[in-house]
Amino acid sequence: MEPDGMAIFAGSGSPRLTARICEYLHVPQGKNETLHFSDGNTFVRILENVRGRRVYIVQQTVFPANDNFMELLFWIDAFKRAGTESVTAVIPYFSYAKGDKKDEPRVSIRARVCADAIEAAGASRVVTMDLHAPQIQGFFHTPVDNLYALPILSQRIRDIELEDIVVVSPDVGFAKQARRYASSLGVSIAIADKERQAHDEKAKVLQIIGDVKGKTAVVVDDFTISGGTLADVSVKLMERGAKEVYAVVTHGVLAASSVERINKSPIKCLFITDTVEHQPVEFSEKIEVVSVASLFGEAIKRIHNRESISEMFQ
Amino acid sequence: MEPDGMAIFAGSGSPRLTARICEYLHVPQGKNETLHFSDGNTFVRILENVRGRRVYIVQQTVFPANDNFMELLFWIDAFKRAGTESVTAVIPYFSYAKGDKKDEPRVSIRARVCADAIEAAGASRVVTMDLHAPQIQGFFHTPVDNLYALPILSQRIRDIELEDIVVVSPDVGFAKQARRYASSLGVSIAIADKERQAHDEKAKVLQIIGDVKGKTAVVVDDFTISGGTLADVSVKLMERGAKEVYAVVTHGVLAASSVERINKSPIKCLFITDTVEHQPVEFSEKIEVVSVASLFGEAIKRIHNRESISEMFQ
Amino acid sequence: MEPDGMAIFAGSGSPRLTARICEYLHVPQGKNETLHFSDGNTFVRILENVRGRRVYIVQQTVFPANDNFMELLFWIDAFKRAGTESVTAVIPYFSYAKGDKKDEPRVSIRARVCADAIEAAGASRVVTMDLHAPQIQGFFHTPVDNLYALPILSQRIRDIELEDIVVVSPDVGFAKQARRYASSLGVSIAIADKERQAHDEKAKVLQIIGDVKGKTAVVVDDFTISGGTLADVSVKLMERGAKEVYAVVTHGVLAASSVERINKSPIKCLFITDTVEHQPVEFSEKIEVVSVASLFGEAIKRIHNRESISEMFQ
Amino acid sequence: MEPDGMAIFAGSGSPRLTARICEYLHVPQGKNETLHFSDGNTFVRILENVRGRRVYIVQQTVFPANDNFMELLFWIDAFKRAGTESVTAVIPYFSYAKGDKKDEPRVSIRARVCADAIEAAGASRVVTMDLHAPQIQGFFHTPVDNLYALPILSQRIRDIELEDIVVVSPDVGFAKQARRYASSLGVSIAIADKERQAHDEKAKVLQIIGDVKGKTAVVVDDFTISGGTLADVSVKLMERGAKEVYAVVTHGVLAASSVERINKSPIKCLFITDTVEHQPVEFSEKIEVVSVASLFGEAIKRIHNRESISEMFQ
Amino acid sequence: MEPDGMAIFAGSGSPRLTARICEYLHVPQGKNETLHFSDGNTFVRILENVRGRRVYIVQQTVFPANDNFMELLFWIDAFKRAGTESVTAVIPYFSYAKGDKKDEPRVSIRARVCADAIEAAGASRVVTMDLHAPQIQGFFHTPVDNLYALPILSQRIRDIELEDIVVVSPDVGFAKQARRYASSLGVSIAIADKERQAHDEKAKVLQIIGDVKGKTAVVVDDFTISGGTLADVSVKLMERGAKEVYAVVTHGVLAASSVERINKSPIKCLFITDTVEHQPVEFSEKIEVVSVASLFGEAIKRIHNRESISEMFQ
Amino acid sequence: MEPDGMAIFAGSGSPRLTARICEYLHVPQGKNETLHFSDGNTFVRILENVRGRRVYIVQQTVFPANDNFMELLFWIDAFKRAGTESVTAVIPYFSYAKGDKKDEPRVSIRARVCADAIEAAGASRVVTMDLHAPQIQGFFHTPVDNLYALPILSQRIRDIELEDIVVVSPDVGFAKQARRYASSLGVSIAIADKERQAHDEKAKVLQIIGDVKGKTAVVVDDFTISGGTLADVSVKLMERGAKEVYAVVTHGVLAASSVERINKSPIKCLFITDTVEHQPVEFSEKIEVVSVASLFGEAIKRIHNRESISEMFQ
């Protein structure tokens, strides 16, 4: 590698996405290894000289979440102490982004804890995708490039030529982002909302706000773990007269039994991306993975060549 | 004042709210003064010994925004250098909370810039109300208590005994918080949404998602500046058959001509709180101010006595 | 609890030790809960008001290592944001202490990464035991109290009244600490050393430096994971004429198959402490656990009452 | 622009000086815009790609003081988050430099508050001119280049060929810097001094220490706001027999009524530089503005090319 | 000692002043020891429990300068790591305060380097006297109390009942502080000034600006090292007709041969304070030491009891 | 010098080693000067433009220890403020590395204090040799390259063709590093150990653990100050039947009377390196200095060219 050259390394959470990124960029992948000791300690080692290189370490942080996150910290430190020019943490899926606020008493803002740890370890920059809340960029002092899967996923929806689409937000919190999908597709939105029944604190009834009758519903979300919300919303949409239901989700976290839940639901097809790897489930035919390696590869190339990232999304 | 005692001071942006807080707490207000020099520089001076005190400085940051914010920084530094035990920045309305993300290329995350400046100046803790996004708590390393006006404003709505209410979010981004008002009142929500028309980028049409026919619409929001969105949404709600329209907004920023816009709209009454002061407009009879001094006073008392803040909102 | 009062909480890695510490101190244990989500994310919640309290959170960081470490960070942040007066991280076994130097090219100094993350999360102080290297105290800016298990373990050895003891260091790196056990028992030391044979890089032969013939060998170490070194050294000691072999190890990490290895070795008894919990093995009769809860309890009491810790070890 | 290239941007406080600097350097000015919202919030946006560029943002901080300062912070953050190589804050006039010490109880050291905020926002370097106290360089951790207007202003005095000059410091605090002007012109100094009369705390009498009889007095200062001191000193100098009085001031802050005060005084001509813009007064013929754009342009060029700044002042 | 109690310790640079401070406060001095190893390394050890105490460590930083400064850093760290509640660095004479600006190219701002090191070591607060420039308070993020020797030294001058005094600043840079002495004594000032002769860069002639004929000149300064300036100015004052010359200097640094220089000069008496100890010269009868222990003692008492420091100087 | 070019400067503690490094690299040494004022203050000045350069400042920190350390801090700050691209602190001997832990109550971890001060001053990287404990790398956030003198010293031993060598560690704490020398030479080790006698706390008897009879003993250590331990161990080795004794020590600190002690001992030759300069003793013929300038020069070249340092030691 050249001094000041680009060096891309995979953490143990993202071997396949990293390989695709390297293929997109026509660069060889950096050599490194992760050891998992019998006491559960993680150990990382870079296997080639990286002094003066601008390093991009790709590591999504789930399956397993804490192991992958700690490994990421160790990679950043190892690269920093090895004399690199800069270390960009490429985190395709940042799992603790969900812990972004103190919405109940005496909890941790886990995303800020993670941001501080990443910065303390020495990251120069962060690249990620569809952060649970865009505000999380502000948890970092370091610049963050938050990429959007929307152009690729939206194109995939256009490709299958559905008719009379309505974009559906699975809850009120995602309405703003659902609006973006709707605008991209030139359609309206509807919103699923859980309403409290009378005086009973716990009895909540799922409602659909907005018109879905006779339409092709496309439920959009940033991630799904159990598939439960997607399944419930799709059932309700069918009840309310939707013609058929598709789902589009950036991060297919897909923990145990999620695939079965999707299979049993009226969802015709669930589109996810390849930001998450090592899911402990086998995918069914209902699930289609759309690669975002080209987005990450293009972003890395542009960061490296000091070109605009925002132009990618205009 | 006693060592380790509570000392409450007003910044020049919050004289009236601070006076009400001191009244609620039955404590004398601290003596201080702000000078505005002819070159526009701000100068602050504490007029009594505060060594060892736990100080609460109350300063909302609008009218004028930057002057009040800089004054707040200087207060924090002055209190820190004067040997106080701690300095709690009480910011009833944190105006730059709106700058909470990088939602377009090459802009500043202004709320993080402000958070960093507040921490660098030496604040030990922040108390604020209805932050534009709850994630902004995570912009601070320092603990933040984000109070909610909801219990007081929701109670005010219940007091006027409206029938058949529907809570309306003025846009998709506020839907989640509108849900909270709806749950508190035990009613449904509807959401105003601006939809792009056909291929014209700019022509946007305001829609109401959800059923409002024959209902009393209560539009809720965290702040209003021009009153424009509230007015537009209220017109559309009446078109869609709403019986009447009320509005409930925590921060009545109310810049020039906002009151006129509200007056001309179908809104019957706009409820705001006293977090903002020095608005450059005269209020009309349509606008009712509900004081949240008791919430701030109670929070300060509980912080001071090491009691739970969360119990205030259960 | 009283303001400024002592509040002791258990992380999910140290429930039993924490219970013993609370028993020693006659204080009720704080209420909190840890959730492990199906995607592997960890979530922590404090279940009682802790404003103004001086909190001690007890969490050893192994079984599982990274989950327990991340949980510790979240606890510290949650306590800090909940308005505690101070948060002391009590880490009975700090597993990443082993990653304390860059002894090969391009690795991470993992203990410093962990120290930085702990400090960034907001810990006011750290209490731990028999750090792998005492220098790790210097990885923290925050004060660290490194307790010694030696007085309790050394007393245990004296209690069983062995004759003609020689303390054995299992490698040259532990010789200095073995010296301390020898001085406490008033005996000599011997050192196991792996020597390279001739020109073959890999063939290493275990030697015993010093005289062990006819003596009762007590092998001492700070931790054991596989039990392998202890077993090998005990075999060699018997070959070299030792009468019998005991082992004394502070941290009984004891990963899979370690107990079997100890059982098959000539070691008569292995003494460990209760700093580590949740080992994935069942202990045999050869393994005796000596509790150090009194040491941790006493240290917490002294920190809380501002009394000397060093007097505990004179 | 080239990667690693020079990019010069104007804040809204320094459009004219920035234009002159770009002209001096024959480089196009960067495209950006500042919006001032009706609630007084400031919003900044960079209108071209700046990744990898070394950016120089020019912003003096008065008229209006706090708005310009906050805007500067937002620029620094926006450039940092946009992926620039470095951000140099060029602050021709740093208005809060006057708040450089705690010379009375319980005030803020405002210049340090500002320095911390600038560094927290992410500035890599600061360039400024004639800081109120040279010690303020030490308020920054970041390197500061403090340029001197003296060579340009001193040359202007030589050009008008005054005879028998005495340089006059308007107070004892500026005596050291007046000495530099005197040395540059090869003349003596006199010092104006306010002396307390007898036992009356407030009655102060202006004295001139040193000989001014029959001489051309050139009063020098770093800034003037009201023009009051300059006017008073010039009257006293004429009383003490000075032939005529000129004034030389780096930063012509010139708030309301200052120009009238200068006009009515015996001062024949007041020389100021163009570090300050947007003064709320119309200049009279007595005031001559000398541009320091060449000094700032040259400094930026030398910083960019890694050449010595100090050689500019030898 | 009581928890939260006052504990005063002497660094090896200030044994006598510390003893006088403890006497003033009627508190026993803390027990500690400093070792100087044969390789020049400094080692510090606290000899009593200080957990929870609010510690005041007194250490002036000259004779020897760097040894005393490093020792101060080690004290701060040792107290911090020993679990004290706070550590106040009392620095009667802060020798590197002179290095307060970059007044020539490529030098260090040594006072900021020292301030950063003191803060990094963990000091909670700094107390010092007559800082070379008051701006140095702003080099610290931590609160600094800069005491003034003026009330005590000014009183000493009044006690000896001199007639027709003129206060003389030994150079233009000290004029502002000389003004304070003059105001305190109700007299005028004169200023010594080194003027460049004609075209010769190096030939400088000492002038006295202001009237001293027939007056008792009191030269005031913050410190003297060689006594050279004081001697030169006193000679020039006598030439210009002064009746007699006294000198008043806060910090009597008095390096080798300074006393002889004072002895040979026309100065009748040099008053210094006891901020500096261990001068490598024997004092003559011309030198009178005035103790400021009561000022430091009073300041420590007031800091400890959370009383106003500024009242001491009104 | 070229922008981005290598610039090597000597601190006043390392003039000779720096000259040898520059000779090895065929680069001219940078021009700078250190002044020591009569009050003991240190002043540094860089005498050539260094903007944009990557600077290497070489300064060992003993003779005198604190003066050299403070000078190093000032150099780093001066280079940083002069606009260099980076400042690498090359510290051939880091004297405070010995203060690496809190091994007795209420002492400072002096090496961490020094590390923090170096980082606060602005160093980008540290290069040093044979740190007293390798863990000290972790005291720095900044990357540290810890070079080993072993290859050069071990080669020197091989050159003199000794027969039947045993490497001897002078105490149990150095056993691990002695093992490395033994492995490099392909021989066994023995360890000197001080054992407490019976009940007398202070009476310690020096023992040799391991077999030395008839062998050539090579005592190895990282530094020697008084030469006392080396002398004592060599006497004991001869008593135990060693044929002859050599000593190999990286850092020849050699304070007063150390040379005499070595001369009187049975040591035939003491090999040291040139990391330390200005020892206050004259070397005898028994002492041979082996230069490590080539190691430092090679390391600087590799850092500068972004090549691997670790390859130097394979």
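By written order: A, B, C, D, E and F. Residues from 1 in each chain.
We adopt the following convention: contacts are C-beta pairs under 8 Å (C-beta built on N, C-alpha and C of every residue); 3 or more make two chains touch, one makes a residue touch a chain.
Treat the numbers as computed from the prediction; the structure is a model and nothing was measured.
J.: Spelling it out: a chain qualifies if it touches chain D and also touches chain E; which chains qualify?
T.: Touches both chain D and chain E: B, F.
J.: With chain centres taken as the means of their Cα atoms, state the distance from chain A to chain C in Å.
T.: Centre-to-centre distance between chain A and chain C: 38 Å.
J.: Roughly how far is chain A from chain E, centre to centre by C-alpha average, rounded to an integer in Å?
T.: 61
J.: Distance between chain C and chain E based on Cα centroids, please, to the nearest Å.
T.: Chain centroid spacing, chain C to chain E, equals 50 Å.
J.: What is the distance, in whole Å, between the centres of chain A and chain B, each centre taken as the mean of its C-alpha atoms?
T.: A distance of 32 Å separates the two centres.
J.: Enumerate the residues of chain D that touch no fewer than two other chains.
T.: Counting only residues that touch two or more other chains, chain D contributes 81-82, 102, 104-106, 109, 112, 116, 137, 141, 144, 308-309.
J.: Spell out all pairs of chains that touch, sorted by label.
T.: Every pair of chains in contact is listed here: A-B, A-C, A-D, A-F, B-C, B-D, B-E, C-E, C-F, D-E, D-F, E-F.
J.: For a test of understanding, state which residues of chain C touch chain F in their complex under the given definition.
T.: Residues 100-106, 109, 111-112, 115-116, 133-139, 141, 144, 146, 169, 171-173, 175-176, 178-179, 182-183, 186, 188-191, 193, 195-196, 198-199, 207, 209-210, 308-310 of chain C touch chain F in their complex.
J.: In their complex, what parts of chain A are in touch with chain F?
T.: Listed in rising order, the residues of chain A that touch chain F are 3-4, 49, 51-53, 80-83, 122.
J.: List the residues on chain C that touch chain E in their complex, please.
T.: Spelled out, the residues of chain C in touch with chain E are 125, 137, 141, 143-144, 302-303, 305-309, 311.
J.: Please give the residue numbers of chain D that touch chain B in the complex, ascending.
T.: On the chain D side, the touching residues are 37-47, 50, 62-67, 69-70, 73-75, 77-78, 81-82, 95-96, 98-99, 102, 104-110, 112-113, 116-117, 119-121, 225-226, 253, 255-256.
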